[in-house]
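Take a look at the structure below.
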């Protein structure tokens, strides 16, 4: 039962939020923050268990011959931890951001449900369970995307759904097909399809279908079209979409798919890993180049997200242990970096109504702490040591090379260069003399400022402590090791 | 009296008595009669389902004669499932109707005869789900047809009358076709009981012609494309509680008979090629119905065309049934789950549409912006019903889609899976066309006074039921295993 | 040609005629009557085919079916007429094609 | 865990070794002078802005000599290079900004290439320690690509063709103090990278020859470009590129021959020290001269001769020794290409001499621009000049004994002098050249082809943007609306006669199928 | 006029022709001799004690069909009643205007018809006849009385009318339920009281059927009368 709690606690919080209604703001905040704290404590406990080799798991019967299962293994817990911790941070931020907005009950309710779904995706023990929570995630995100109810928001929401449901459909067919040929296939490090012999053509098609399904949320090109548009949502939602839950669910799905469903060996011998890797590589480069050309702040971040997600996909698809571990670590690292950036974007919009990079001159003096946090995250994203982004990029690069894919290494380093290319102009624009007068008093609502600083500091701290037991890097390596047989880092 | 053994009989007679009594009771007391009947029937239906789950299917000899002399009722898992669905939807619709039909105008809504007509319809549906006799099916179908046509016209507008007239003629055409089929079948076999027919049917032109006519007639009553011509108008212009019942239950009645005839009564390949035609028409229904739903500008027309599409899913079981017991089990369980979830969700959707129309005072989708502000629970209910229509988890619709897709893939005929998936996506398209308007941020003056709380929460309750159905799939699967189709196919010992 | 075939053939013919009427006749009353044709056709077929017993004497089951069928058809016809009349009252139309009534022949 | 896993701060190691020491001294000296100079010459209001970039850049620029492992090296490299953008754009003019953008782009690419090479080397060595890396890559199957990556990265740093414009771009708009550090120290990190990372004596000869040829080409071509520009700083930039081309020749030598490698390394170190100090002196000198008037100005202009002569390689200067070391290194190789290079090496001095003349002329033309007391700048400049003069005598002797020995021979004196004489003669001749030739004066903007490249990229971007906009419009415009057709189809399909007939036909179809 | 969107008339003709052909073929494919269930029914009828086999089939073997058939009839009545317009207009519009001849005729015929109806019910168990036939005659008598002004038209708003309409069905239901308490199933008449129970049903049914037919007529008439309205 404990394995269900990381999913159930936010879900209950979400329902309670709906039940409390619009007017009881204090109670709503209390419920959500308490739930976040409880989830964090719970995940922490599960992590300790998992590190000690005890994986808490539980199943309930669902479809004929198939069970719905949750299992708190290290791999899933990493994602769950990211979602849960950043939920807490985002909650504080969102309470500040949405201070005067309408429909907060709806907003926070669906927000909590999103986290519940993300935790469900994280801890799902088999493809079916994962699929179910994956789709729930699509659905619970929709109301958040269209939250403002403006025509642009609705259009973006429609686009989001079009993509998400299309992907979901592909995933459904893939999962169902796999179930018909392999039955219940709980995720197993190194591959769960040991009982299937032959049927290579079918397995290839299923792999492609599942990649198409996860690829939508992972914004793998050409399935990325929804992401830039979804930027119309309120900033906490963008943070959630990009950093915490939604897109990460996609790449996490790919991680599970490659490492624990097919297994690196089968994925390689079927010849499905390399095309995926190439697709991811193309996404990285193309998205980065497009990001260079965006003036809209959030759109630029969105294309950056597309590129960074494909880091993870590429690392996973290389089927090399260190690259896979790097991919997993990057899942956490990118979350921290990108949430800083989106918080910044939200903060400058909410405080000064700045939406474009070209409107930023003067911002560095007007919001020094905010922009400093952003700068740190930006450099981390470009992979400057010893910040957090470097650690995973280094792992990915080393892993690529060890796996014999120097080309992937070149993709990574090129992308790092491009990241500098699209991040630095934001900083330089903000550093120019401009219209925004230096701050008098607080630079923004403290409930928005301190979360930004917190995650900003986190990008430094996690980078400096990379490799210590419990750090995402160490965690990722421990979690990924079983998928590669006897590999020890 | 051993109630358990008498359940099939009671399930027909109790609502019939309710109908008669409600007529005598007059328009003020009729709602109470209906409510009491609804509760009783629900209890009976649930008891029957439990009984069937425990002890397996059983036959009930009306008059004590037994087939072939008398008429037998058949209580198997599938029948129990439809009976429970009918009872649940029936109860909710009855509750909703007590709010919806509240008016001081004595002549409105068929002079308060809604309750009687509705209980007659319920009777006929129960009878249809239970009957084991092909001629008795005819009588039941006529009962359903007359009550349905009348309920469509009960609102009294020109559009409703026109729809009712179309429905009536379609109904007549179907009834005559069916009766002709029965005549030929009886002439060829000398039997009317389905179980007897199952064991005695041999290849014969006349019998095959008769059965084909019967199937075709039932297809018309089920409104499978291209025989859907009467449905959108009828379901779209009836009062909302009626639309709910028509869409969620009535089409299932005739479908259930097709299911029995095709999969239980007739030996495999008795009507060669018909199962393929049904599958193809089902696919066409899914695509065409969804596309048309997408084009509608009025809310109930949209929901009605959605029914046209959702009916298509039910027919995919027939081509899949040719692929062995495992696929049949998956597919049958799939359509049963689909029938259930669609029944609940579509009723919820129609009730929700009715509540929206009452609040807005019109039925134009484009002008329903801002509903989410003033009626959040209602909007949420519509959205949840939509989730199940699209077949997204966690919902009953998802369970159905999963099972059917699995069956299609296991059969090797993957194109049915493609149709299913396309249907889900199209459903998403038309549902979100509606939802995106409801979620729009437009300040709207709603007729809040007309918003009885029941009309907001009952649709949500139904939709929630459709969603939570996903948890009951093991139960449905057990009921499917206790259905004669699977037992006679040798799946269940 | 056996006796039963005469009845049956008549029934089939009646049924086909009714079918045509229901399909093609525009006036709603015509349609109701056509449906009755179809019903009568089936009844004739039932009676006719029920009369093939080698022992003489008709088969009672088709007879019972016909009796039930007649009552049902009466009910349907009554409802049909009521709806058609009410429809005419409400719209002034006697067909389903949105065409003005032919006039005089309602 | 293997040592190449990222371990955050624990991955970073710093140590001082024989290779690092001269660079540390050079970097520390130059950055310190440059910091003081910049502090003294920058208006108080702008100091914060300048030093926000200067401090990290200097930090990286100095500690890079101490970096003991791949990650630290990369970190310091990046730390120095990226904030330098702020120094280049400090003037906030459009040109400065454009220069900054190009610089940053090339830096980012260079960083990326370096990182890629470092990753491969770390993997192949299964270690992060710098001394192990170059050794391990020599025997790796990934040797060629790694060396190519390294050379490309270093090439971008030191302004090798076709990126020869990067150095002029980075000096031209930068405030003098900071520019002196960039000129003296920044590009030398590339030299350090050669020593630290390039494998010695393992590459095929062709590689070596190609690198040497590229170095020579850069040396000549950058000189020609430099003479055609219009600001003293740009001239110095091209001069740097030209000089760094010579360093690349040394690197080329080391690639293929293990025996010649020590000589080549000596040459690289010597060149770095010599050029770093001399170029720094020249950059500052330009600024100092512009601050002085009258006799002081004349004296300063005269003093500029010292670093200028050193660059040309006049006897008794550091340049002379450095060039000699290079010659020795090249001479250690046999074959057509090394011999051709050997023969051509003295000719490069003509270009350098021409550049120095041009610099001189341009500096002399500069007028006083500021009224800040020139005392501190002059003092700092004097320190650098002293270093230029003295460094050659503090040479670690064992690196290039031969150079010291032969430095004073007559033949070598002549060898060192004639190119300068040719240059002077040529310059004189040019004064009487036809008008057409004179129009060449100033046709090369600092940055040369890079500017063109940047413009091309911008044009492509505009074109793309325009195309995607118009493309979108056409797509929408041409999309046919099928909704009315679908509605009409449904309307006729549900019309009674059609629909019921269709149904009866369906009945017939089913019957026909059933009774086949 | 109105030739727009006219469906080609040939197609319905072809379709009907196809029906003729296929049904004809099916009929011709039948063997000329077949018993159907005739033998079983006759044997069964002997066991049930009802002399008229058709009545036995209708009310006993397939009594369930008949129960639903009664339901159909009552349903149709309710349906038509629900479609009627303002009941108050009813009496105005169907004003009985009996002339002397019709009056005399009615005075003679009506009682006769009621007697015939009773007779038909009574002989139903052994000869052709029964509740439907009786009810039809009874209904006709009612129509005659209303048209000739001897009786006021009644409508469902009156409780008594509703009771009369319903009593047959209610009785049938009661009788159907009754055996259940004795362990039998629906409509399983106890052997000893079979005949009297059936007669009881038939009598009440005759009343209800007659009332139904009358109501159908009256309600339809009221719908017709609305023709003046736009």
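Labels A, B, C, D and E are assigned to the chains in the order they are written; within every chain, residues are numbered from 1.
As a working rule, a contact is a pair of C-beta atoms (placed from the backbone, for glycine too) under 8 Å apart; a residue touches a chain by one contact, two chains touch by 3 or more.
This one's a predicted model, so the numbers in the text were calculated from it and none came from an experiment.
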If a chain touches subunit B and subunit D alike, it appears here: A, C, E
Fewest hops from subunit A to subunit E - one hop per pair of touching chains: 2
Chain pair with the higher count of C-beta pairs in contact (D-E, B-C): B-C
Most central chain, Cα average position: A
Distance from subunit E to subunit B - Cα centre to Cα centre, in angstrom: 29
Interchain centroid distance [CA atoms averaged], subunit A/subunit D, Å: 38
Inter-chain centre distance, subunit C versus subunit E - centres from mean C-alpha coordinates, in Å: 17
Centre distance in Å when subunit C and subunit D are each reduced to the mean of their C-alpha atoms: 98
Residue numbers of subunit A (touch at least two other chains): none
Overlap residues in subunit C, where contacts from two or more other chains coincide: 15, 19, 22-24, 45, 49-50, 52, 61-62, 68, 72, 75-76, 79, 83, 86, 96-97
Set of subunit D residues in contact with two or more other chains: 495-497, 500-501, 504, 507, 511, 515
Which chain pairs touch, all of them: A-B, A-D, B-C, B-D, B-E, C-D, C-E, D-E
Residue ranges of subunit C touching subunit E (in the complex, touch as defined): 2, 4-5, 8-9, 12-13, 15-17, 19-20, 23-24, 45, 49-50, 52-55, 57-64, 67-68, 71-72, 74-76, 78-79, 81-83, 85-86, 88-89, 92, 97, 99-100
Contact footprint of subunit E on subunit D as seen in their complex: 492, 495, 497-498, 500-501, 504-505, 507-508, 511-512, 515
Residues on subunit C engaged by subunit B in the complex (per definition of touch): 15, 18, 22, 28, 31, 35, 38-39, 41-42, 45-46, 49-50, 52, 61-62, 65, 68-69, 72, 75-76, 79-80, 83-84, 86-87, 90-91, 93, 96
For the subunit B and subunit A complex, residues of the former touching the latter: 329-330, 333, 370, 372-373, 376, 387, 390, 392-394, 398-399, 401-403, 405-406, 409-410, 417-418, 421-422, 424-425, 428-429, 432, 436, 439-442, 470, 473-474, 477
Subunit B residues within the subunit D interface of the complex: 166, 169-170, 173, 177, 205, 208-209, 211-213, 215-217, 219-220, 226-230, 232-233, 270-274, 277, 288, 291-292, 295
